Structures are given as structure tokens and as C-alpha cells.
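Labels run A, B and C following the written order; every chain starts at residue 1.
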Amino acid sequence: MAGRRPGHPFSSRTASLLAFFPHLLLAILEGTVAAAVLALSALGLSLVFGVMRVVNVAHGEFFMLGAMLAWWIAKMVPGGPAIGFVAALVVAPLAVGALAFITERLLLRRINYDPEATIVATIGLMFVIQQLALSMFGADAKAVSAPFTYRIALPWFGFSGYKLFVVVASILILLGVWWVLAKTKWGLVMRVTQFDRETATAFGIPVTQVYSAVFVAGAALVAVAAVLIVPIQQAHYLMGLDPLLMSFIVVIIGGLGSIKGSVIAAVIIGLSDGIISMFFSPTLASIIATLAVALVLVFRPQGLFGVPAR
Amino acid sequence: MTVLLETRGLSKNFGGLKAVSDVNFRIERGEVRAVIGPNGAGKTTFVSLISGRIAPSAGTILFEGADVTALPAFRRVQRGIAYTFQITSIYANLSVAENVALAAHQPGGKASLYPLERVGLADRASQIAGTLAYGHQRLLEVAMGLALKPKLLILDEPTQGLSDAEIDNFITLVREVAKNATVLLIEHNMPLVMELAHRITVLDRGMILADGTPEDIRANAAVQAAYLGTG
Amino acid sequence: MTARIVMLHGAVILALFLLQFVASDYAVLTITRIMVLAIYALGYNILFGYAGLLSLGHAMFFATGLYAAALGVTRLGLAVPEAFVFALVCGIIVSVVIGLVALRATGVAFMIVTLMFSQAAFLAVLYFGDITRGDEGIVIKDDQRNFSLFGDAVNLADPVLRYNIALAFLALAIVLCLVVVRSKIGHVLVAIRENENRTAMLGYDVKRYKLIAFVLSGSFAAFSGAAYALLFAYAGSTLASIQYSINPLLWTLLGGAATVLGPVLGTALMFLLVDFASGFTSASLLFVGVVLILLVLFFPKGILGTIRQRWLRWLP
């Protein structure tokens, strides 16, 4: 998780409430960024689960690959971070999408999307990708520069303009995906497939192709998320576990398969995570979030915002 | 005769749909009762409420005079309410004998093959249940109901997919079972119902439309209109 | 229990006993470790193989036993046998509590619930680093491990003694497992795995049986964890990580789910494979990943499962 220490607090000896405010503001800002990151990384998982009813445990590794590719491209492409960033935004989703395509064909399709077998198989895939990333890129963490370095000056501290850019980009991407799902023919096809595989087949929808497309789209989305996020984190071959667990958390609390629920959950968790991390400890924040998920799944399996299954 | 099972104001809503609506129903000990009604009338829902597979929206269920409404399904089975599924539900990967042994609560042991003999499957005891023909799977389902030695045996469309010869055997079987158990039978096969049932209850759109002897039902104009006329 | 079943399992235990006389020092150590971890896999298999419940969080029970034993000795000043019993009791309590909650979920939700609980436990180990010493782990000193049993001094640093203790534990676990799966409980668990609805409608208290399987399996894990901590004098946070939740799944799948000896065979084979592979590559994770994928694709019944299906129908 990104470092959430205040860069330099403030030096004021006025009333404690006043002294408290900048901390809170920073926590909220960081929390908003965290929420955007969460919503964005969970989006692909939510889409795949929503339509295909399978959990892709290698989701976090697709994220890691996206981040690694962003680093590698930034290194290979001349002309500064901005050009590297744009190149990565194009190449990483394509490359990760291609890997997802192969995975869907050779793995998921062969086990007929059986939920349990898919989990076990994608756990295997997770290890394979981790190990390959380790051999190819090494074990050290890799910093990627942001495409621009503008800092917003606040009276108490400066805040990275790029982080706010990530928030805006996440909102745009989420709106875009929502638009595709709600307003286009593709979205309709996906919703019919999600509703019932047999019905979809009866309507002449090529279900396997839809699955394939959704799986690839989910992977490409998480790769985009990674490219956006890697400048405020760092790339590392084990970085995938966090977004995976976080995606689980968001997707489950929000209601599996519901994008709106995921976004609300991301905001709640991002903000509370930011605040708890700031005033207590990031580990404690994660413990609370994971326990919350377990309890939500047990006592409200449709998620806090989902509707009960038929 | 004494009342074995009684429902009072039993209702089940699925969202806005009243699948079972305010049903007051009694069945006497030793009776063979048929429940008939068009597709979607709520027959399966009704017996599912009795067996405890689903919880009612309102109403009470009394079995042998005791209120069992709040009991989970398995406790009702232990008290003597056995249920056979409309959609065959057997252990497809286990042997026929093990299916019946599980029903007799002697899994892995030497359970009696008597229920299999009663339905004519004794010679297939060691076969894997999933490899049986469909009609035989239905019979296995019935055999499992028998192995439970129930006081009330609920059969949800047991003859669906059986051949004529198998149906004849089935009639004999139910007569025999009825000597020491009460049978609640859901059936679409009217000749069979007329031949077997002591009384018939007609459900339509979740409500009891008529209740009486086979002769009463045959003569009932409302039933004719709702059901028999079309059949 | 039929004679050939007793003979087969007896022969396996006897073979393991004899192995110590021919094995190298290094092999004795490795086999000791395999035997301790095989107990973990045996318990996992009761839940996964027989009851059909796939947990992704058993590391939390393994870690409960591990840390309860290690902290019992180092912090609470318990003698080794006391710490062992303490760890078992903790394991049982934790599995009852988690089981009561987690078993309300089914299918994929159950997997994720267990994963999440286990992750919370792992994070808690890191969070309470003052006590658990986090990554670095707790090392039990040799003088804390010495104790006397029935008047004899026992020194757990002795590799041969350790080997035989581990073997005795494993033998106990195998026998327990055999008794369970051949009892009524074992058959009802299989029935639940095959058709849960039907089993409830035959009058079985499905929730209770699932809880029994869960607690048995969690207790085996805690048993194995406690033995691990005390025999190898170490408890570290990696042993509580997700990797350690996936290991018993991998071992069980490889050896054959729902066969008593499958998890033991799977644990041993996986150790040998990783050991063998590390001779020419450091990519042991790659290996684990590839084996998992191949198992799911081509070999879902595992080794003993396939053997049972093809040749030995009587194999428990």
C-alpha cells in the first residue's frame, strides 16, 4: 500500500482542533486516492465475476504485470516519463489482455468455468506469473516517475497533482464502463449472459465468445489501473496480492457483480482505510477491512448494496 | 381416524407472487391424499413448506399435534416427514445400495435392501446410481423415501418419466405403503390419482379450489373448468 | 475394518519407521518435516476431500497451533507437553468459532471467507510484532525445549528422537483419519459433498456434520502447527501466510483428495519435486503453479484417487 505518512505535518501551537484539521484533510485526500485505486483495480474482477461467475485469483498478477510493463516501457521508450506513460497505457492492456485471452482459452474453457477448479487453476497461474516476473525483472522494487510532477500547494502541505489526476481518471473510466454496460448493445449482451447462460444461448448469443471478451476486458482494465497507479506505488513482483485482496474486499462488500456497489464500497473503504492508517496503523486498517469482508459475506452474502439472488 | 398433519393459514410469497395463499389443509393418518392442480399452481411449494425445505411467509404447520413450523427440515424428517424431490435428487456418484443405506441412516453399513426390493431395483444394488435409466432413478428416489420409514411420505410427481408397466407396479407399491404410512401424492396422471387417492385436494393459483373424494372432484364444475377440462 | 486396509496403512508406517536406518542425516530431517506437515494435509483432506468444502484459510489454524505452542513455551513458561496441549485446545477453540461463522457461507463465498479470516490472522501476527516477532519469528531455545516425561529427560534437539516423535504423531493422525472416514460421520460427509440438499432431506443435521469436519480439520492443522513449532523450535509469520493455506490444498490434490493416504503421498512428492527442481532452478513457485494447473486440467482425482478409480476400489 502506498505510503500514507504526511510529508511534513505542520507547526502550529494553536488549539488542538485546528492542529488536527490538516491531518484529517490529508487523510481524506489520501483516502480519496485510495478509494479511486481500489475501485479501479476491483473493476475488472467485478466484471469477470459478474458475468462469468468465476473468481480469477490471478487478477492481482495481471495488475502486477501491468505495473511491471509500465516500468519496462518507461525504461525502453526515450523522450521522458510522459511519453513512456502514454506508451504504457497502450501496450500494457494489450499485452495483459493477450495473456488473459490465452488463459481463458487454455485454462478456463477447458475446465468449463467450474468455480472451484477455476480458483485452484488461477492460484497456480498466480504462482507461475509471480515466478516469471521474478526471473525476468528481478526482486527489487521499481519506481516509475509520474508523467508530470505538478504539486498543488495547500496552506499546510503540498499534494501531488498526479494523485488527483488518478482520481479523475478513475472516475472517467468507471463512468465509461458503466456507460458500456448500461447503454450499449455489448452491455445488453453481457447482462443477458450474466442472467443465465442457457437463456443467452437460446437468444443466439455466442456465450463462449462473450466470456472470452469479458475475461480479456477485465484483465485489460486492471492493467490500465496498474499503469495509472504504479507512479504512486512501486512495481514489485509480489505486489499483486494486495490489489487482489483489496479487490475481493471491495467487490464483496459492494455486492458481487454490482459496479455501483463496488464504487460505493471503494469509497467507504478507501476513506476509512486512509483515516485509520493515518491515525493508527495501515496493518490495523487492513485487518479491519478483511474481517469486515468475511462478516459481510457470511451475514449479507449479496453484499451491502446488492440485491439478493433470485 | 386422527389428524396426522394440519396446516393453518399457510402462505408463501415469492416477491409479489402468492405461490401458496392461506391454505388450511388436513390429512388423516393412513390416508392416501392426492394434490392436483395445473402447472405452477403451487403444489411443489406447498409440500416444500410442509417438509421444511422453505420457510412459510405466514401460517402454522402441525404434525401429530405439535407445531413444527419453526423446525428445520432435517428435524421434520426425523419426526417422520419424508420428501421425494420432483426433480430427481439422488447421490449420482454413489452406489444404489449406498443411496438407500444413507436414507436408512446406516451409511457404509449393511442396510436392508428391502426398500430396493419393493421398487424392483434390488438386482441393481451395486450399480452407480447416476448410471441408472431415468425411470429407475425416480424409483430409487421413492425407495429412499421408503427407507426412511416415514409416517408421512410426500411424493412429488413420482411417476413422471415412468413406463406404463412401471406405473402399474407403482400403484401396487403405494397401496402397500399406505398400510402403515400416510401418503401425500402430487400427480398429473389423473387415472392414477382417481385409482389411488382416498381424497383429492385441488390447488389453483396457490389456493385450495376444491377438496373431496375422487367422485366429488370428478363432478366439480370449478375443477373441470380450472383443470380437468383442459387435461 | 478389513485386513488389507489395516495391512496397507501399517505397512506405510512400518516403511517410514525403517527408513530412518538407511536415510542420510539430511533425509531424516526432511522426512521429519514431511511427516509433520502431512498431518496438516490429512486434516485438510477431511474437510476438502470428504466433506467437499474448499478452505483457502487453513494457515490460520496451523498458525494457531504454531504460535500457541511457541508462545506457550517462551512466554508462558509452559513445559513442552503442556504447551502442546495448550496449542491443541487453542486450535479447537479457534476452529469452532471460525467454523460457526464461516460455514454460514457456501461455495465460492466460503472460500473467500476463509481466505479473509486467515489473512486477518496473518496481518494480526504482523501487527502484534512485539509478541510474535513478525517475519523474523520466534526461536525456541534448546533449554526451553528440554523436558522430562515419565521421569526420562527428553531432548528435542536429537534428530532421531524427533523423527520418531513425528512418526508417532503421523501414525496417530492416519489412524484417526481412517476411523473418521470409515465411521458414520465420514459417510455422511461424503453424502453432503455429493448432494447437500438430499442429505438434509434424509434427516441429517448437515450444519452439525460440517462443523464436525471443520473442527476436526482445524484441529489436525493446529496439531501439526504445534508439532512443527516444538520439533523445529521455530514459529515465523511466513508459516501463517496464504502460501501455507494453499500448500495443504496442493498436497491433497496431488496425492488424491478423499483418500486417506493421498495427502501423505502428496506432501512427500511435492517436497521431493521441489527439492529436485531446486537442483537446477530456484523457481520453486513456478513448479508449484505448474503442478496445480496440470492437476486441475488433467488429473483432478490425484494419484491415489486415480489408482482407486482404475484398480483398487477398496482404498479408503
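Here, contacts are C-beta pairs under 8 Å (C-beta built on N, C-alpha and C of every residue); 3 or more make two chains touch, one makes a residue touch a chain.
Small disclaimer: the values here were computed from a predicted structure and weren't measured.
Asker: Name the shape of the chain contact graph, picking from line, ring, star, complete and other.
Answerer: Per interface graph, the chains form a line.
Asker: Among all chains, which one's averaged Cα position is nearest the averaged Cα position of every protein chain shown?
Answerer: C
Asker: Counting only C-alpha atoms to place each centre, which chain is farthest from subunit B?
Answerer: So the chain farthest away from subunit B turns out to be A.
Asker: Nearest whole angstrom, what separates the Cα centre of subunit A from the Cα centre of subunit C?
Answerer: 33
Asker: So what's the Cα centroid distance for subunit B and subunit C, whole Å?
Answerer: Going by mean C-alpha positions, subunit B sits 44 Å from subunit C.
Asker: What is the distance, in whole Å, between the centres of subunit A and subunit B, each centre taken as the mean of its C-alpha atoms?
Answerer: Distance between chain centres: 51 Å.
Asker: If we count contacts the way the header does, which residues on subunit C are in touch with subunit B in the complex?
Answerer: Result: residues 182-184, 186-188, 190-191, 194-195, 197-206 of subunit C touch subunit B.
Asker: Quick check on the complex: what are the subunit C residues that touch subunit A?
Answerer: Subunit C residues touching subunit A: 54, 56, 101-102, 104-105, 107-109, 111-113, 115-117, 119-120, 123-124, 126-127, 242, 246, 249, 253, 283, 285-286, 288-293, 295-297, 300.
Asker: Across the complex, what residues on subunit A touch subunit C?
Answerer: Residues in contact with subunit C: 55, 107, 110-111, 115-117, 119-121, 123-132, 134-135, 241, 245, 248-249, 252, 281, 283-284, 286-287, 290-291, 293-295, 297-299, 301.
Asker: Would you tell me which residues of subunit B are touching subunit C in their complex?
Answerer: Touch residues, subunit B against subunit C: 51, 53, 72-75, 77-78, 82-83, 85, 89-94, 98, 102-103, 105, 107-108, 144, 148.
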